[in-house]
Every structure is written in C-alpha cells, then in structure tokens.
Amino acid sequence: MYKIGIVGGTGYTGAELLRLLANHPEVEVTHITSRSEDGKPVADIYPSLRGHYDLRFSVPDTDTLAQCDLVFFATPHGVAMDQVPELVDRGVKVVDLGADFRIKDTIEWAKWYGMEHRTPDYAAKAVYGLPEVNREAIKGATLVANPGCYPTATQLGLIPLLEAGIVDPAHLIADAKSGVSGAGRGASVGTLLCEASESFKAYGVAGHRHLPEIKQGLQAVSDKPVGLTFVPHLVPMIRGIHSTMYATLTDTSVDLQALFEERYKDEFFVDVMPAGSLPETRSTKGANFCRIAVYRPQGGDKVVVLSVIDNLVKGASGQAIQNMNIMLGLPENMGLTHLGMMP
Amino acid sequence: MYKIGIVGGTGYTGAELLRLLANHPEVEVTHITSRSEDGKPVADIYPSLRGHYDLRFSVPDTDTLAQCDLVFFATPHGVAMDQVPELVDRGVKVVDLGADFRIKDTIEWAKWYGMEHRTPDYAAKAVYGLPEVNREAIKGATLVANPGCYPTATQLGLIPLLEAGIVDPAHLIADAKSGVSGAGRGASVGTLLCEASESFKAYGVAGHRHLPEIKQGLQAVSDKPVGLTFVPHLVPMIRGIHSTMYATLTDTSVDLQALFEERYKDEFFVDVMPAGSLPETRSTKGANFCRIAVYRPQGGDKVVVLSVIDNLVKGASGQAIQNMNIMLGLPENMGLTHLGMMP
Amino acid sequence: MYKIGIVGGTGYTGAELLRLLANHPEVEVTHITSRSEDGKPVADIYPSLRGHYDLRFSVPDTDTLAQCDLVFFATPHGVAMDQVPELVDRGVKVVDLGADFRIKDTIEWAKWYGMEHRTPDYAAKAVYGLPEVNREAIKGATLVANPGCYPTATQLGLIPLLEAGIVDPAHLIADAKSGVSGAGRGASVGTLLCEASESFKAYGVAGHRHLPEIKQGLQAVSDKPVGLTFVPHLVPMIRGIHSTMYATLTDTSVDLQALFEERYKDEFFVDVMPAGSLPETRSTKGANFCRIAVYRPQGGDKVVVLSVIDNLVKGASGQAIQNMNIMLGLPENMGLTHLGMMP
Amino acid sequence: MYKIGIVGGTGYTGAELLRLLANHPEVEVTHITSRSEDGKPVADIYPSLRGHYDLRFSVPDTDTLAQCDLVFFATPHGVAMDQVPELVDRGVKVVDLGADFRIKDTIEWAKWYGMEHRTPDYAAKAVYGLPEVNREAIKGATLVANPGCYPTATQLGLIPLLEAGIVDPAHLIADAKSGVSGAGRGASVGTLLCEASESFKAYGVAGHRHLPEIKQGLQAVSDKPVGLTFVPHLVPMIRGIHSTMYATLTDTSVDLQALFEERYKDEFFVDVMPAGSLPETRSTKGANFCRIAVYRPQGGDKVVVLSVIDNLVKGASGQAIQNMNIMLGLPENMGLTHLGMMP
C-alpha cells in the first residue's frame, strides 16, 4: 500500500480525495493536515466518513509528510509554492490541486493571483496534469499541477478542434457554468443557499483566473495565436461544470463527430456522445468522466462544443487521483471506475 | 373597470396573469377558460389564489369572450391562430402570449412550429409587443403578439449595439439560460425535480423556435444581414432567464456603458446597471424588470452583454400586462411596480 | 404619509420590510440604519430595490429615529432592549421583529438567550403582536413584540384546540420545518448552498429559543399546564415554514373542521383549507397568509394540524406591517393583499 | 460470477441497482427487462451508465430469467405477485423491491393497495428483508420482500425502544420526510421541479401505504399493541429520508445512548452517532448507511429519535443488494462500502 498525505484536508477537494481514496485498493491515506482543525477526527467535519477513517487532522510537518509516497496539496494558492519544493527535493511525489504550478509564465501568474511567485523554478518543471494531453510527461513527473475545473472541461472540448487546425483560434468563446462547490467551503454571503439558489448570474466577466490557464493549454496545441473570451457563471446546484464553446470553422468539410471520436477513442474518462446528444452535468455527478457533444447549428460555419464534468472529480480530486495512478504506475482508472449518480 | 378574459388559464403564464392582475386597480378578470378544468374554481389549481378569485374555469366561448375589453391567450401554439381572428374582428383587443403571431414570415413560422399557419393575415397585422421597441404601434393595436422569454432578454441586450451599428451583425452569439418554468406545467419526465435539479444542460442546440423570432427582431434594427448562434440551457431553478451575448465590435471607440444608459433612460422596466455589475436573475424574481450589464473584457474587440428577466413576468405575463396597459391607455407600469423577491 | 424607520436594515427581514413597504400607499420609509453599511445606498445590497429607493443606510441615531411615526427593529436579540426604551418614552411607536420583548418572564428569557435582560419593564408592557389573538391590545400599543416565525405558525395551528379545551395540553408535539432564510444573511458554513441543499436535518432538538415563546402563547389560552415537545428542522429551500402538530383529543365528538373555520372566519390572513387539503408552503411564498388543515387520521384520538406560512412575511416582516397597520389605525391588510408566488 | 436479472429496470430503483452492481466483484447483471423500452440500450435512459453496460432492455420472459441466480423485481405493486411465484418455484432467488410481499395480512394489504392479493401463500412465506432484524431468516430465504423506504428508517429508529420495552407503544409518532425520488420517475405534475422545489408539504396524512408495514414491523418486537401516527412529507431534494420519531418513556432510568449503541454495535450499516449529533440525510447520499441520534429533550419523558437514510440505497436498492449478499453467502457489505457524497 502506498502511503498518501493530504495537505489542507478540510475543504471540498480534500473531502472528495478522502471519499474517493477510501475504496482505492492500493493506497492508504496516512496523513492529513489542517492548522485550524488540529487533533480533530476527520469524520467530525464530514460525518459521511464515519467508520471509514480513524484519521485525525494534524498541523502540516515536512518530516512527517516526507514519509509519504505521494502528497496531495488541496490548499489555497500561495501555500503550495512554499511547502512543495522541499518535499519534491526529498523525492516525494506531489500533486497540487491548487493554482501555484499551473502557469509557466510566473509573471503572468503574479498578475492574476495578486502575489509574487516565490518558486518559479518549480512552476517551470511542474507537469500540467491533463492526462489526455500530457500522459507521458506525467508518468515521470515528481510534481504535477492538477488543472482547474473550468480549464479541464474547456480544454477537453476545444483541443480536438485546435489540434486539427480547423477553427479560427483568435476568436474562441467559452461560456462556462459551474455549480457552487467550485467556490469552496469558506463561509461567505454570496454562496449561502438563500443567495445562490433560485438564481443565476455571471461572474468574473472582466477577467477570471482560469483564463490564462485555459489560453496556455490551448496555445500549446495551436500554431497561431489563441484569443479567448471566457465568461463563467454560477449555477444553483452543488456539483457540475458545463462549458459551452463557440468557434468559427475555417474548414467546413471535416466530420466533426468523427474527429472527436477519434481523438478520444482510447480515453477511458472522456466520452464523446453520439451526434445530437445533450450532455447533462449530472451524468458525471461523483464520477471522473467528461462527456462531450459537438454541433454545427444549421450547417453554418460555427461549431458548438458542449463539455460536462463534475468539478470536484474530473475537475479536481478525481483527476488528481488519475494523475496519482499514472505517477505510481498503477492502472490509470484504479479506484475511479464508479458511475455518476443519477438521479 | 375593464373586463379581462384569459384563454388557457391553467398553465404557468395563465396563473401568473391571475397573480399579477389580482392587484391591478383598473381591470377585472371576468372570464377564464380551460377545457380540461371546466367548472373548477381557479383556486383549486393554485391555492395561492384562495380568497382572491371566485372565478371558475369555463369552456372557451367566443360570444362570452367578446364581452371582454381585452383577452389574453395563454395557449399552446396553434390555438390562438384559430380563435383570435373572430375576436379581433369583433373589436376585442387581444394579447397572445403564445407564438402564433410573432413571426411575420409564416412560411418560416410553419417550418419551426411544424404546422401550417392558418391565418397569416392576422400574423401580418399583429404588432410585436416589445414596448421598448414598438410602443407607438402597440398603442393602436388590436392584436399584440407578446414576445417569447428568450427573445425578450436577448433583444433588449443586443438592440442598442445593432441600432448604433457598432458590431458585426453576422456573427452574434446568444448563450441563454432559463429556469424550468419556461417548459410549462405539463407532466414530463425531463422537468421532474429528480431529473432537472442538481444538473445543467443545453438543449435545442441544433435549432430552437426562438431563434427565428430573435433574428427577426434584430434584423429589424440592422442594415446588414444578421447571423445568430443561439444556444439555450436549462437551469435548475424555477424562474429566471439569463442571456449572455457576444459580439465583435467594429468600432471600439464607443462608450458602451453610456450607449446602453442612453438607450434605456426613459424605460421604466429596463435597468442598465452600473459598470462592473453582475445582474442576478433573482433580482427580477416575480417582477417585470430587465437588468442589463455590458462589458468589454480585457479591453479587446469583444462586447459581452448580460441580460436578466423573470421569464414568467417580463418574459411573458408581466410584459403582456404592460402591453395591455399601453393598449388600454393606462399608465404603462400600472399593477407592475412591485419589486423582485430577494431572497 | 407616515414616516417609518428601520433599524438594522441589511438582513433578510429588513430587506423584506423594504420590499413590502415599497407599495404601501400610506407610509414612507424615511430612515434605515446599518452600522456596517453607513452611507451605502440600500439598492447596493439588494439590487431588486434599484429604482424604488433612494435611501442610504445611516448609523442609528435616536434623535433622527424619533422623527418617525413608527420604527421597526430588525436587529439581533440584545440590541432593541437598549435602544427601544428611549424611543418609546418619546412616544414613537415601535415594532420589534427580534426576540427582546416577546417573553414576559425575563428570567426565563435570559436562560434561553444567554444574556441578562436589561429592560424587563419594557418586556412587561410590550404587547405580543399576534393579531389573531391580541388585536385589541395591539391597537393601543406603543411597543409591539413581533412573534417569531415558528411561534406564529405553531400557535395559529394549536390555539383553536386549546381554546376549545378538547386536547390534552400536557403532551403537545410540534414538528416544525423551516426554509434556510430563517437563519439570516450572516455568512456561515452551515447555510451555504453546498451544505444545506440536497439535505434535510433537525436542529435545536435539545432546546430551541422558540420553545418558551410558543409555550407562553399556548399557556395563555389553556387552563391546564402546557407541555410541548418542539423539534425544528432545516428544509433545503429559501422561504417557508411548515409546522406539523400532534395532540391527543380528550373529546372526539367535536367537528374539528368546523372548529377551525369558525375560529378564523373573520381573519383575512388565516385560511382554513377544506377538509383533506395539504397546505404547501409555496402557496404563501412572498405573501402574508397562513394556511391550515386539520386531520384526525384513521378516526383515532390523535389530531394532526398542518400550518404553513412564509417565514419572512407572516413569520416576520409581513406580520410586522400588519401590526403597524393596526397601530396606525390603517386597514389591517393595507399593502399586504398581494398573492403568493406560484410557481 | 453470479448471474443477476432485474425486472422493471427503467425506474429509479432499477437504475440504482445498475449503478451499485456495476462495481460489485461477484455478480453480473445479465438480464434487464422493460416492456416499454424493449431493445433499447440501458445507457440511452441513463447516460451515466455509458461505457459500463452493454445491456439492452428486453421483454420479461420467465425462461430467460430462470437462468439467473437471483432476480430483483423493481416493479410497481401488483406485478411481482404474478411473476415471482414461478421463478421461486424453479429455485431462483428473488428480492422484490416492491410492496407485494411485505405484509403478511393480505386482507389488510388489499385494503391499502386497492387490489386483491393473488398469491397470498408467497406473501406468507416471504422473508421481510430488514437484515438488522431478520438476518438469519434472510440467509435461507428464496423470496425476500425488501422493505419500503420510510419503514426502513422508522423501524431502525424505534425498534431498540420497543425491544427494550421502555416506551408506551400505543402512542408512537413518526413524522417522516422524503426526497422526491421516492415518488418515482413517472411523469406527474406534482413532482415537477416547478411544483416540488422551493416548497414543503405533508401528504398521505389520512393514511399512507407504509403505515401498515411499519406497524407490522414494530408489532413484531412489542408485547403490547402498537399505535402509530405516521405523517410523511415531501422535501425539495432528490434523495434522502429523515424520520423524526416521538415516544413517551415508561422508564426514564435507561441510558438511551447506550441502548442504541449496544443494539447496533455489530451492524455495519447502522451508525449510532454520538450524543448531541444531528444526522443529515446527505451524510448517506448514495450510500447504504443509516445514521441515528437519540434525544430526551429537557430531560422529560419524551424520547426523540432521528434516523436518516438514502431512500434509494438503504431504503431500496442498496438494502436489496445487502439482502442479495446475505442470500448468496457473500460478505454482507460487498459492493456497498462506498461513502456518502458530501457535498
């Protein structure tokens, strides 16, 4: 059994790691940290864990964490950049679910995250953990930057078009919608049930931190400069992301359905649905799948891609475990084969 | 007191007419029809009406309806086109909340609605009831075609840009989201709480009936041909529409905020919010307002417009009453000044 | 126009007062206070108020408030008890929506609210503002203690039985359920959408502050000692209270339906539904009504009463305005005749 | 691998069986029937099953089903009573998730279910599948009647009190609340999102079909006649049951917490929470657990028990698989060890 640590275990992605890892046959969570809940049993925070974990939260300590084979960081940005380097230097594998190592251009990163990047060398050598694009690099990585939720759904939806070079990359649009759990478990007025339910709104229209991450990923597979308008919205539900993407075809002769099916034919976690399908976020609820459908409305020159994931699973903790499996040489879908919960 | 009739009163728009008209000081609902509920008190269907209406449903009868000053049709498409002409010929004012008279090109209409249009002459002379565009024509109209919900939110958002001629009209995108009440009160699996809550999906991507209606309205204010990609989505909430619109600026020197404020400065029901605002659908819940915000992300050449309404009020019954007020020479906002319900 | 002040206007009951008073023909809100939002327009907090109120929040000041004809206190417990006495002494009418003056036994009050009661004389002379029981006293009152939400729904459901003396008062049970807005607008983890939606739980089982208030009200209409088990629950919705009450009949010959209908036949805001009805909280959503149904399952000796209200209206701000109307000599239902919003 | 059949696979309990069995290591679903969907792949109805099941629905056929080791019936009442006997006679094990074989008194059954019971002999020999009470009998059973959802939550909550003989069994009260999935997947107005969300109501107050089932189970562990008032309510959420139970203690010296902990100390699926806990339905979402808390408010003579389950898992399909495991001699929790999904 591999020993696993979790730093920052009280938030939703930490809890989701615990839920998913509870039934993983080859790993065991041996350490979980939280400064605020030091000494408290994890099941006190999440009663759903009662009977499955004896674990207690402890204050993060590098020597203790260094005993793990792999450590997940589920911390706000700015934390991992300080704590991860020493672990990595001591040979511990790390998957960071936060934003610290996702963007190679740390000057750009600093602009969006409002702080200096203190360990740009590690950002430089971190592997961006989107297995459907970077699988080989992940296999040998010590440090993996787990993608954000919007970036996962959006990149998986647009990459086949850009790789094929059949759309104008300068005028891409991603109109994305997320359940409220994307905002985390912190107490705030805006995500109270009475404020966020029975309503719908856009946010971050002027600029959202996932924009540079998505652009970086898209640029990596495009010869020409990528321009992206990205507008996220808040959906009155707990889990799920739906990204609706619009691009203008430069080649209308391509069979889009075949293109997507071919691109993802060997991907266990990406399901290209039959032509005419309407992916629902709930079909992925609790599961590590991404479902995609592609349209060309009225046979015009616009392509519309619909992509859905569970933001806490394929958009965070599930993908982190997928990366862990790859890094540890385990079957990529181990512990992740359970189905979405419908209804 | 003006006498008002409602044909097809058991659905959500019929119920909403009853709710809103209950406190209107100058009109009285004297007739309400339903074939299936003939003889039943309206309060048996909607207990919220108990104590406010003694009215019973009756089978629709033209002679009886002809005694009304104005009749609302809240019927599925295909019904009003047969029943409205005789009423109109007898001088009764009619506001049709359905789709029968919205589209001037009845050949196009037939294509989208799957049936012949049997009274194209009346479609030709009907006035499209978007008061913020057609107020003068509505004043003298006998027959008003009340706009659809998506078309209301979307036209109010895009018209200022098209009227000013500062965007490329050939590549407009409207990514729209609606609460479930837009699907009506009919029993269907897809709109069950267990199917539609805790999920998000697009629908009608290949083509939705509101597309030709929106295009007709946009084309009317544009010199050049309008091209529109319209993708509606289902939001797990009861009421509300949010339309997110994307256009490419052909003139980036215009002050977009000032443009919108100027366009709607005399409109009681359209609220252009301060720059940087994020309109929430719930701010219009139960009320006849449309709230709009306009953005130019990262100062680029894309304009993003956010427009929210309550689909059952400004998107249906409230706008119908607004039209009624105009047609009857009453103050346009009479009976419609109540505020949105937050939370 | 009567001048109205609101102390503590940023919470849900303050916002609801503003929404309801916006269309009241005889009063005008001239002052609204908030220490934290001093100087901010009220519409910045609640965009639904945009265009209806020019009002800004100000720091509470007794001299300013004393210019009002009536002041609502929508403050956490412990605030009104200090600020109200001077206003009352200067002849200003006050309706306190908080808990400070509801319980006559201020020793008991102190036990449940965890602080000394600093102005017990005012608690003694305050009138408990349940109009259906205390209308005459409210007419002449300067200080009215507006009932809590659970106490309103529960007392209206049990009082007819106790007044008639046909149930065992020692073993009453009230199993009550509330929407999340009852917990207020403060940021807290427990009322986040992700924590409170898609779940149901009891709380306050060991003892809830509304218990002594309900018991006091029930005891007032019963000759024998009242015993009550009260268990509140949290419902994943914004508004609404449903109280399900159980009592054992000591006289099974009484026509329960007739008893309730007779008791409330002159009450505009209490709707005794026909036998066999199932009151839904949504039938009162946004409106000041209480709907009640009474059952005797399987003809046994148990009576079951179902009572629903909107916790923010009849359970708080609507009832406060009802009390205001009575205190100012206005028609009791002025400004409160609008209907519940369905759907 | 044991071969498993499912009769009536299109409803929620059928879908949940498929979801849960997909990862069960010792069984394989080989047949699934649906008259209406004959020939259709199961993943067309539930996209969450895509990639996991190649299975297609077929018309039920006894010879085919007889090849299974065990067949689940997930059919409306009245179906299993006709089809099950022949299978059972041919030695096939059956777990009926419907109501046909739950009640021994088939005259009483007929009264509540509105039809004659056509195979009372099989009702007589069926074993009631509540493992925490009937484990030994289930081991040797060929036909198991899987309990209803309310009966599971309520019996597990009250049985310890009745077995210990410390409450008055004649005046029990169960105030129960269920998510909407308990009403099934049939299209009906009452369970539309627009009708059932943002509202709360009781139903079946005059008498609900689960009442005789619960009474039968309680009577089986009580010496004295059991009287029960049972009021179910509809909660605006998909999954979950919360039963709040009230009883009068005849012996107030008992340590209630210890009593419950002792009763369930060997039960994997029943979690008696620490004193003072407030079980949330979501802690069991998607999982086969029942969580229970017990209270004696204000140290009086009333005991309050709170019991939560997922109505589709421990209240239906999960318990059915638990019974299957027992009947097949497999570890009782095989395939059922996954945790509840929070958030």
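Letters are used for the chains, namely A, B, C and D, taken in the order the chains are written, and counting of residues starts over at 1 for each.
Keep this in mind: a residue touches a chain if its C-beta (ideal position, glycine included) is under 8 Å from a C-beta of that chain, and two chains touch if they have at least 3 such contacts.
Remember, predicted model here, so these are calculated numbers, not experimental data.
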| item | value |
| --- | --- |
| Label of the chain whose CA centroid is most distant from the centroid of chain C | A |
| Comparison of A-C and A-D by number of C-beta pairs in contact, larger one | A-D |
| Chain A-chain C separation of Cα centroids, rounded to whole Å | 45 |
| Interchain centroid distance [CA atoms averaged], chain C/chain D, Å | 39 |
| Inter-centroid spacing, chain D versus chain A (mean Cα positions, whole Å) | 36 |
| Two or more partner chains touched - positions in chain D | 12, 181, 185, 194-195, 197-198, 236-239, 279-280, 282, 285, 343 |
| List of chain A residues in touch with chain C within their complex | 12, 180-181, 185-189, 191-198, 236-238 |
| Touching residues on chain A, where the partner in the complex is chain D | 12, 15, 19, 22-23, 46-52, 181, 185, 198, 238-239, 268, 271, 273, 277, 279-280, 282-287, 289, 291, 337-343 |
| Chain C - residues contacting chain D, complex | 171, 173, 175, 177, 179, 194-195, 197-203, 205-207, 227, 229-231, 233, 235-240, 242, 244, 246, 248, 276, 278-282, 285, 293, 295, 297-298, 300, 302, 304, 306, 308, 343 |
